[in-house]
Amino acid sequence: MRMIHDLVSQGAEMLLVLLLAPLLTGFVRKVKARLLRRQGPPLLQPYRDLVRLLRKDVVLAVNASWLFRAIPYIIFAGTWVAASLVPTFGSGLMFSWSADLIAIIALLGSARFFLALAGMDVGTAFGGIGSSREVMIASLAEPAILITVFAVAMIAGSTQLSTIAEFMGSSAVGLRVSLGMALVALIIVAIAENGRIPVDNPATHLELTMVHEAMVLEYSGRHLALIDLSSQLKLLLYLSMIACIFIPWGAAAPQATILSLAVGALTYMVKLTACALALAVFETSIAKMRVFRIPEFLGAALMLALLATLLRFVSGSL
Amino acid sequence: MIVLALACVAVLLALSPLAIALAAQPRGSGLIYGASFIISLALCTIALIDLLAPARPVFSLVLPIGLPWLGAHFRIDALSAFFLAVVNFGGAAASLFALGYGRHEEEPARVLPFYPAYLAAMNIVVMAHDAFTFLVAWEFMSLASWALVVSHHRDVENIRAGYVYLLMASFGTLALLLAFGVLAGAGGHYDFDSIRATPLTPLLSGAVLLAALLGAGSKAGLVPLHAWLPLAHPAAPSHVSGLMSGVMTKVAVYGFVRIVFDLLGPPEWWWSIVLLAIGGPSATLGVLYALMQRDIKRVLAYSTIENIGIIFVGLGLALAFKAEGMAWVAALAFTAALLHVLNHAAFKSLLFFGAGSLLNATGERDMEKLGGLIHRMPQTAAAMLIGCVAISALPPFNGFVSEWLTFQAILLSPQLPSWGLKLIIPAVGGLLALAAALAAACFVKLYGISFLGRARSAAASEAKEVDAFSQVTLFALAAFCLVAGTLPGLFIDALAPVAKTMVGNSMPQQAGLQWLTIVPIAESRSSYNGLLLFAFVLLSGSIAALAIHRLASDRFRRAPAWDCGFPDPDPVIQYTASSFSQPIRRVFGSTIFAAREIGEMPPPGSNVPARFVVDMHDPIWEALYAPIGKAIGFATERINVLQFLTIRRYLTLVFVALIVLLVVLAL
Amino acid sequence: MTVDALAAILLIPAVSAAILALMPDYRLTATLNVVAALFTFLTALSLFVVEPVSGQYLLVDDLNKVFIVLTTFVGFTTSVFSASYIGHEIETGRLTPAFLRFYHAMYQTLMFAMNLALVANNIGLMWVAVEVATLTTVLMVGIYRTHEALEAAWKYFILGSVGIALALFGTILVYMAARPVIGEGLDAMTWTVLVTRAAAFDPALLNVAFVFLLLGYGTKVGLAPLHAWLPDAHAEGPTPISAVLSGLLLNVALYALLRFKMMLAVSVGTIAPGPLMVVMGLISVIFASLMLYRRRDIKRMFAYSSIEHMGIIVFAFGMGGPLANFAGLLHMTMHSLTKSAIFFAVGHVAQVKGTQKIADIGGLTVTNPVLGWGLMLGVIAIVGLPPLGIFMSEFLVVSSTFARAPWLAAILVLGILIALGGLLMRINLVMFGAPKGVTKPAEASYVPMFTHLALVFMAGVYLPSALVSGFQNVARLLG
Amino acid sequence: MQHSLEFDVAHLLAGSLVLASFMMLYQDRLYSLLNVYALHAMVLALSVAWQALVQNAPHLYVTAFIALTFKAIIIPVALHRIIVRLGIHREIETAVGVGLTMMAGIGLVALSMVVMLRVTPGADALAREDLAFALSVVLLGLLIMVTRRNAVSQVVGFMSLENGLVLAATGAKGMPLVVEISVAFSVLIAFIVIGIFLFRIRERFDSVDIQALDRFRGERR
């Protein structure tokens, strides 16, 4: 019974994130459009795009290798699994112990690894520029987020997301300087990782500025659909990660009743909406920065995270 | 047991004179490598039996050779058994690979005789149980590998590499000699048992630690003693490079562990600071150096420095926790380090063999002359891909597991009493994270430039897939990387006796846990299940593929790549190795390597080609090695006049000497 | 019977020297030379079987037995080498048969002199023997009569004879010190008596004596700063002589020093000879290893390496104590074998390439693999890499020193490292890289060279217990 | 009383030998150097003879005779011949100024005194004094070798050094067979070998000036 229940909740989780991701992106786009006093695309537009892309033929570059065709599936699978391991409305996920926070980040890392390879496979200058910038950004973003994780984990005494969520939900935490810093660092990294303004602009195809789009320039049809879907999943993942670490209230405890699950789901929606709104506002209120300003941007995150780890002793002794 | 092992080693030693005779024959290399493959396998099994046998007895033996009144002591305890396994795992792989690769050797007489001797030497080092035998084997190992490094002696660079290598190796040996000199004390008891029996004052043991760090570190390639490594490892034939990077550096780690964890007695807490302060920067600097290279084998050599850094960080953590009496965490860190030893041996060998295959197929080590090889050599490309993912510490492969365990140990640092460690360890953790991210970048570059894209040279466009032996080796190693990544629990349990003997405790038994998860401390704290993760990814990936191909379209057509309206671009417009690392060079290199980009754009209309030069400096070489060289040169030049004096002046020397001595008497 | 063995060691070379001086044909003389050396060696071996009683003039004990056997053995192998070497010299016309007769006679005279120095029981007699040896080598160094050879011989001669004088003065002083105790006459110059009564001698006089002996015999040992004759003599003389010089004559002089050191060790109140020897040893090591870097002549380079090793040996004996003395003896033996082997190889190389200049020799392992790798092995041995004998002795020297005087050990290690760097830097391009210079096949017997190397290798792996116990006795004697 | 006479005479002779060495130090002409050396040898012969008398050791007379004939007559004459044959210019260019050399010589004598007088007077004073003088003669001989550039003058310096040795040897009472050794060797060295060498060198170079030799140093080809 319990088993079934867990399996169901896990499966529900996976489906939920899969279904929720495009909606989230659509929502962000919509809000941004409205902030710019435009009508903007309808909320469900991303779904339509995906379906259309899936139906289309794939156009492969002449010297694209088998790896090029395999990579979209790898990326999608990796991101999906990672996203489904992050607690959303309930923290008692069946398989959450199979990968802790570090593993989830590493999983995204492998996805990025293959994406960068995909950029180089066809052998155009675009792909190269994208991949090289991507790895440069990642080389700063990954340590930043890992150290953030250290800070959080040292406070919560665990790298298990569900445990962290419970700890954060409990009253034991109190207000801590290091947590605030960790939050800021995490947000910066999230922006960078999802290629949002000011680091990258998902909506542009201007060679000099694009990173993510340059890598996937050669993709089309179902491959492109998968890659888009996985980036949407990634956005969802980060938002729900922030949500479950820093605003864990309302999430359903393990072995919760259906009611509490419902409550959890509701609060989760609210959280997501809030985050999305914040993101949209932020993106509209700031300009894209030069590529070589990004290191400084991320360096700040790195420093904040490091400070967070060190300051936790101070605030720990408070 | 040990008799058997020594017998195998003896056979290996006997092989090398045989090889001198066989080198001329066409079948010679096959015979030698085949034999060494079989023997290595045998030794590996012996070691595994020793390691895994429940309640294993400790085998030891004394032969009447070496120092007359000492004899040669040999012993296979848990530590030796583990490293014996690693050595022969690498040895077997290298021999198997060489069965194919060795056939392309143009001067086999310069490789074959030294290869078995080299293997034998490494085996003896890990089995030796007295200082003299240990040092003899240690230095003999360097000697044999030196001979292999200079085997392609027509290239002056290789000779120079060999020279630097042998010099540094002897330096290390002499450092170890001093270490043992202190350990043995005035009595001159060189066998390890009596060394353990004699305690040392804190000052002396500190000296031993430093000497051991110099000795073993110079062999392992810790920054700043690494200078020889990126020169020597690429110079050797690729299967030997694999051995040197994958195995010999581990033998050096063994030497360090043996001295510091076993012979030296209880550690002081500040020792760990020394290790962390060297290990962390080694990791980051090593991979940064690697990112700046174009030569594929040199990239791999530098990345070895990075991984050695990670291992020493693990050892440093183990020392810290051991010193503070938290044996269970020490066990975690120590196990992580040893696991990384094994993993690195696996994927570094794999990568070096892959590089060797490229070298055979194209004759090129410069990545900017390769490209598009995934089409020409699909098998090699597939195996190499796994190697690259594994060494980038990405799940579900083995590199990630050891790094994950190290991180878990780091996360326990707040429980340490000393504030220095509390503050340093997270910073070191940051360095490791940085190193991991950079490693990923580095291997995206390595793989993307040399295997993906379009061929940048004729050699690359006509490359042929390599022979069966090489492919088998590559895939075997790749499979190992996956297994070790998905079933780490087995390996952790196998390491339990080693940790038990070295740090006095071992990680909790992993075998019983559900779904073969690994749990370093407690499940509530952290757990990782590579198998399940792998299964999930595989499952969801294939489900997605199946669903899409079923429900949506599965058709595709070929078309030229998007070219911005400039059709048929030349392959040279692709990103090259150096342009790929340009952003990272801008971020890190400008400070560390004083990297400057000099671009000269001719005025419009003039047909002078535009020039773009990047000039970089090796800070460590210029700060440490160059001055020493200068000093020696200066001293020798100064003192050399003594060769050219007149007889009268020489007489004056004698006269003065006489007077001085007489004055000494008179006073 | 017993006396015969002892006398034979002296008589065989003496007589054969006389004969060789008269024989015209050089091939015959060469073979006779070999035969004589062989017989001497065999008689020397017989010393182990039957211990002759030491008379008033000659003596045999554990100490000089080691030296005698070593000397006669290397003398024998060198004679074999020189037989093949000299033939070539005749063909190239560097030597005339007339000179060759002289050469072989001198060779045996040298053997006689060295053996006499080793078995002499009388400090005067020993002095005479050492000087005869020196003078003969002076003549042999000058044998090519080129500018450089003559200059080397002249330098050797002047410095050598000053050494002679100093040593004689030291000897006289020892007699003066002994006379009041022992009384006038031969006894006051007889080892066996001196050692037993040394305790009563006047320490101040002994000190002065030792200073003179150290400088006098030290000149022969080639300690810096008395070394000046050594490199040129090695470089310019015929290679067999270089081998004998490095392998034997230095040892003989060292033997003399050790004898006197034993005597002083007995006497109380003398300044310990140890510190003096340690200091001179270290100076020699550092100096010689620095000198290695700028060498252009391959024989001169190895001559400097001889200075370095003599420094190590003297250092070891200076440190004293059973372990260090043992190490010193071992190192001395290994060095004689290795260095003479190296000089054999170098001789062949010089004949093949027609030059001794390092710059003109290249890729030897390509053109003459056997010779090249032989020399390489020798170099590996001489820089103290395992599994060859010198590694063992250096291990013992350093580690035994380290327990007592870490800083001295550190300096010594530094010197060894510098020397390794220098030798390898110089030898690398001789061995590897593209072949340079003429490439003739070497027509020479590698037997002596590889015999030595095999012995050195064996010693590095396994020392026969008889040898060990013998060395340990001697080490105890040396105190 | 008798003893003191022996002592004084021996002392006197030895002292005058040292004086002779100083005279040699002072000379800067080759001929005069040879003459002074002859004198040096004669004084030596005298002191040896005196030792023979006081030790009533007849074999020492032989030594004295050898010293007289060979060292005081034959060798100087031979060297004269050589100089003439080689046509060496008269002047000796001393490496160090005479004044400085004298100072150094005095210092050396003082040094040898200090060193020797530490010896316990348990041995008879005669030997002690003799040794002190002999040592200073030896050192002065070395000094001459060091301060002279010309080969012949170096040889002369060397022979005076030998004289010091002989003095010491004869001073040592009842020292067996060393007198013969030393004399034989001094003669051998001073005469035969140097003769050969000078001849060869004459054959090779135009002068015996060692700087000519020094021009041909192995490494400078």
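Each chain carries a letter (A, B, C and D) given by its place in the written order, and its residues are counted from 1.
To be clear about the criterion, a contact is a pair of C-beta atoms (placed from the backbone, for glycine too) under 8 Å apart; a residue touches a chain by one contact, two chains touch by 3 or more.
These figures come from a predicted structure and were not determined experimentally.
Two chain pairs are in question, B-D and B-C; the one with more C-beta pairs in contact is B-C. The most distant chain from subunit D, with centres taken as the mean of CA atoms, is A. Chain centres here are Cα averages; for subunit A and subunit D they lie 100 Å apart. Per-chain Cα centroids separate subunit B from subunit D by 70 Å.
For the pair subunit B and subunit C, the distance between C-alpha centroids works out to 44 Å.
Note on chain placement: the centre of subunit C and the centre of subunit D lie 31 Å apart, centres being C-alpha means.
Contacts with at least two other chains are made by residues 154-155, 158, 162, 204, 208, 231 of subunit C. Looking at subunit B, one finds that residues 643, 647, 651, 654, 658, 662, 665 touch two or more other chains.
Applying the touch definition to all chain combinations yields A-B, B-C, B-D, C-D.
Contacts from subunit B toward subunit D in the complex involve residues 643-644, 646-648, 651-652, 654-655, 658-659, 662-663, 665-666.
Within the complex, the subunit B residues that touch subunit C are 64-69, 109, 131-132, 135-137, 139-140, 143, 150, 153-154, 156, 159, 162-163, 166-167, 170-171, 174, 177-178, 180-182, 184-188, 190, 632-633, 635-637, 639-640, 642-643, 645, 647, 650-651, 653-654, 656-658, 661-662, 665. Residue ranges of subunit B in contact with subunit A, taken from their complex: 371-372, 374-375, 378, 381, 385, 389, 392-395, 400, 404, 407-408, 410-411, 414, 422-423, 426-427, 429-430, 433-434, 436-438, 440-441, 444-445, 447-449, 452-454, 515, 517, 523-529, 532-533, 536-542, 544-545, 548, 551-553, 555-563, 569, 571, 573-575, 579-584, 586-587. Note for the complex: subunit D touches subunit B at residues 95, 108, 111-112, 114-115, 118, 139, 142-143, 145-146, 148-149, 154, 210-211, 213-214, 217, 219-220. Residues 124, 127-128, 131, 135, 138, 142, 145, 147-148, 150-155, 157-158, 161-162, 164-165, 168-169, 171-173, 175-176, 179-180, 184-186, 188-189, 202, 204-205, 208, 231-232, 235-236, 295-297, 300 of subunit C are the ones touching subunit D in the complex.
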